[in-house]
Amino acid sequence: MCRLLAYTGRPILLEDLVCRPDHSLIHQALAAQEARTVTNGDGFGIGWYGERPIPGCYRETLPAWSDENLRSICAQVRSGLFFAHVRATTEAAVARVNCHPFVHDRFMFMHNGQIGGHRQIRRKVEALIPDELYSARAGSTDSESIFLAALGQGLETDPVGAIARALRLVLELQKEAGITEAFRFAACFTDGDRLWAFRWSSDREMPTLYLRGRDEGTVVVSEPIDGCGGGDWSEVPRCGWVSIPRDGSPTYGSLDRAICDCRD
Amino acid sequence: MCRLLAYTGRPILLEDLVCRPDHSLIHQALAAQEARTVTNGDGFGIGWYGERPIPGCYRETLPAWSDENLRSICAQVRSGLFFAHVRATTEAAVARVNCHPFVHDRFMFMHNGQIGGHRQIRRKVEALIPDELYSARAGSTDSESIFLAALGQGLETDPVGAIARALRLVLELQKEAGITEAFRFAACFTDGDRLWAFRWSSDREMPTLYLRGRDEGTVVVSEPIDGCGGGDWSEVPRCGWVSIPRDGSPTYGSLDRAICDCRD
Amino acid sequence: MCRLLAYTGRPILLEDLVCRPDHSLIHQALAAQEARTVTNGDGFGIGWYGERPIPGCYRETLPAWSDENLRSICAQVRSGLFFAHVRATTEAAVARVNCHPFVHDRFMFMHNGQIGGHRQIRRKVEALIPDELYSARAGSTDSESIFLAALGQGLETDPVGAIARALRLVLELQKEAGITEAFRFAACFTDGDRLWAFRWSSDREMPTLYLRGRDEGTVVVSEPIDGCGGGDWSEVPRCGWVSIPRDGSPTYGSLDRAICDCRD
Amino acid sequence: MCRLLAYTGRPILLEDLVCRPDHSLIHQALAAQEARTVTNGDGFGIGWYGERPIPGCYRETLPAWSDENLRSICAQVRSGLFFAHVRATTEAAVARVNCHPFVHDRFMFMHNGQIGGHRQIRRKVEALIPDELYSARAGSTDSESIFLAALGQGLETDPVGAIARALRLVLELQKEAGITEAFRFAACFTDGDRLWAFRWSSDREMPTLYLRGRDEGTVVVSEPIDGCGGGDWSEVPRCGWVSIPRDGSPTYGSLDRAICDCRD
């Protein structure tokens, strides 16, 4: 399990959310409070949009808390749309290619959770990646596979539907293989404009995911970064999704429903 | 293209071959003479057999010439069967999981060369990996795929035949895809007892591979390590293989013939 | 604060102490129980004596728990005298040169603790390093300075006296500078033959240090590695030292007394 | 010896100079043409000024040519004043703390060259660092010492004089120690506003340093980045300095003269 943070809104320095808060993502790397693993020290990554359609990305295998480059970059880079992630690996090696966020073209994705029994069905999960994206696979995580599979399902034009279809296909693979371990999925996706967050689990033991909307922008996090349980965080609904524009209000929906819909 | 070295014989310190010679593998990392790339600085690896059936392995993404750990380990570890490899990547990311040698169970493999057009047929190359080995794939190189595919073809019991079948299958994938770029393959394999070396190319522009047999043991290298063009190195025959026991004389054969044989 | 382990006795695989026990050093890196910092993920190191007078050394900046090389090396290397250390930095950068153990010639040293107010008196602490050893300083830790300073005080011939003199000199520097923060020092030293362990603090808030002597050998640890509070660990006496031969019984003494003695 | 690049002028993307040109700094890391070492693969660094007085900095021990983070950051970061450096170590370990540029407060410095016989006089060179900056020393290079020593000589208010005094003091240390190896020094310094470049050697075997002034800005490099020997590069005068404002024309002077002046 990992910890993640996404922001969309008025451009701010990354450090305002990633480094400075009491229970910032860097602090969560060392001492997560709502995760199954306290320590998320198996690498990290940040991705941000600047003046180009393609985001910048910095991923490293060191723990986030000891990386001076991370602090320095976060102190300089201002962005109106960025992701940050600290990793606790369950299966795949500690390697930059296995660190989140994953970037493909102008799209960016990160994930907290896992496909239960992934080792058993890894080949079939990877078979969900379309041919034209297969050579883009650089690592060996289930997360990267889901991202590329979802791109193949139309993530660009129909994010909720594409994620729903990808989840459903993975669920079917688990079922076929007789896997009873859960599939847990808290994730963020962006096309460089709008931000989508997803919170879902096959066994109702839901990964945490919170949202805070303020005038300057909206933050999505695995756990609140102010460490005080302050009142302006709301949970992303269980088995739900939320779509957040640069300006304006979020739209919510049911991911369960979307998964059902794509069954037909 | 990369540079590699394998040794089998009386136990010696790794440094005797890896670090000390004038044109040692570490020196070749900085200044290869017979390679298409002068610099082989995209990581390295050593693997050695000690008192256990499974080999030890140290792989790192730094260049071999600047890694103090490598020098220290090579100065301490004595082995009668070991591999060393310095990498120059053509496609896959610089990551430990993409560094050679690759170890699976008691088997070890390393490679210099590449499958022309690998990106186009990567999915099909990976489809050659048998189900039970698929979850062992940690990186994204063509080399690791060939190793796992060959294991599936019986590398344990029939190394030459298994490599021949794997090469033939890859050649067919290239052909199907209309790929005209060559498939070049200089490689070493061991089961912890005997050492096999292979030298082959689909276009007769052969990767270099040399062998030196002395009383204390046999060395296989991409290029001679004494840097003097001394007389006791012989080329591994073009499109050939050589099988080297711990004691006794090498056996040679034609890899072209083996590939032809498996066509029937 | 860091966690350390030293062994002397019949040659064993490093993994028997470093990796395998329930609360092995690798486990302590992730979840120390008796340290001021739970996580010791700022790099690690192992050093061991084999057939040469100079020890082998492998130090890396990744956390010990995620380093596959560490596990592989520990599974292969057998030694009758070795050190292992996981680091939690208080001041100096995460860098291999700041990882323990420190090796100089055939001597090896590692440390858990810190010189209170080191930043203020760093120059003067470094001035304790003799000229002929100054160029050996590769990092910026107080630990490395103490080691080199103690070498200058005769660590080779009189380990207890040399450590006592080095501690006393540092104490005087703290006093001169009006530093009230404590100087805490749990350390191991070896000349490749005998092992010395030291446990001391200027403020009586003593770093933990345990010893377990069995037939096959003696282990010194920051905290017991079996995680069960089993009965055969004894504390190294407060402000004491212990000297352990390869065979035979340890000798104990008072480090406080040694420090007093060198005042005259 | 290393390769360096500095830019001041209209804000541009770092990649325009660091990655894109035919003989960009990244290409020089792999294949320098005018350096004593062809390969500059012992780490790299970039430092840039954005909207803060303190620069951002990204330093890494991997070779520049294989670091995907470097390419991604350079493709996103736009700056009107930045440094980039690829390292070939002569003495100090490969470590981030030994990578250039060095940043202290709002000041930034990088260096190509070396103090001949540095190991012999390292303690005395470090003694040139003023007390209040001593704890800022993180690595073990002569370059970092010169920077901190020059800060102590007034680099902030009188860059040329401060560098001259620092060089002179080092020269005297070499002389005292009977060192006959040369002291070579090509370096850039900035206070976040103006850029200074220095080219000097004690033995007239001068490190190369070129300057190209165009409307949009001025570039200083160890060797031209267009790889064509194009006509608009001029050599920085031997034993000279150049001071370059954000807008306007450079000022030149003699570093030899400045060194003489400070002798009195």
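Chains here go by letter, A, B, C and D, matching the order in which they are written, and residues are numbered from 1 within each.
Criterion: a contact is a pair of C-beta atoms (placed from the backbone, for glycine too) under 8 Å apart; a residue touches a chain by one contact, two chains touch by 3 or more.
These figures come from a predicted structure and were not determined experimentally.
Common neighbours of chain B and chain C (chains touching each): A, D.
Once the centre of each chain is set as its mean CA position, chain B and chain D turn out to be 41 Å apart. Rounded to whole angstrom units, the spacing between the C-alpha centres of chain A and chain B is 38. Counting partners per residue, chain A has 68, 93, 96 as the residues that reach two or more other chains.
The touch graph of the protein chains shown is complete. Across the complex, chain A meets chain B through its residues 92-93, 95-97, 119-120, 122-123, 126, 131, 134-135, 137-140.
The residues of chain C lying in touch with chain A in their complex are 30-31, 38-39, 41-42, 61-63, 65-68, 89, 93-94. Within the complex formed with chain B, the residues of chain C that make contact are 48, 50-52, 54-60, 68-69, 72-73, 75-78, 96.
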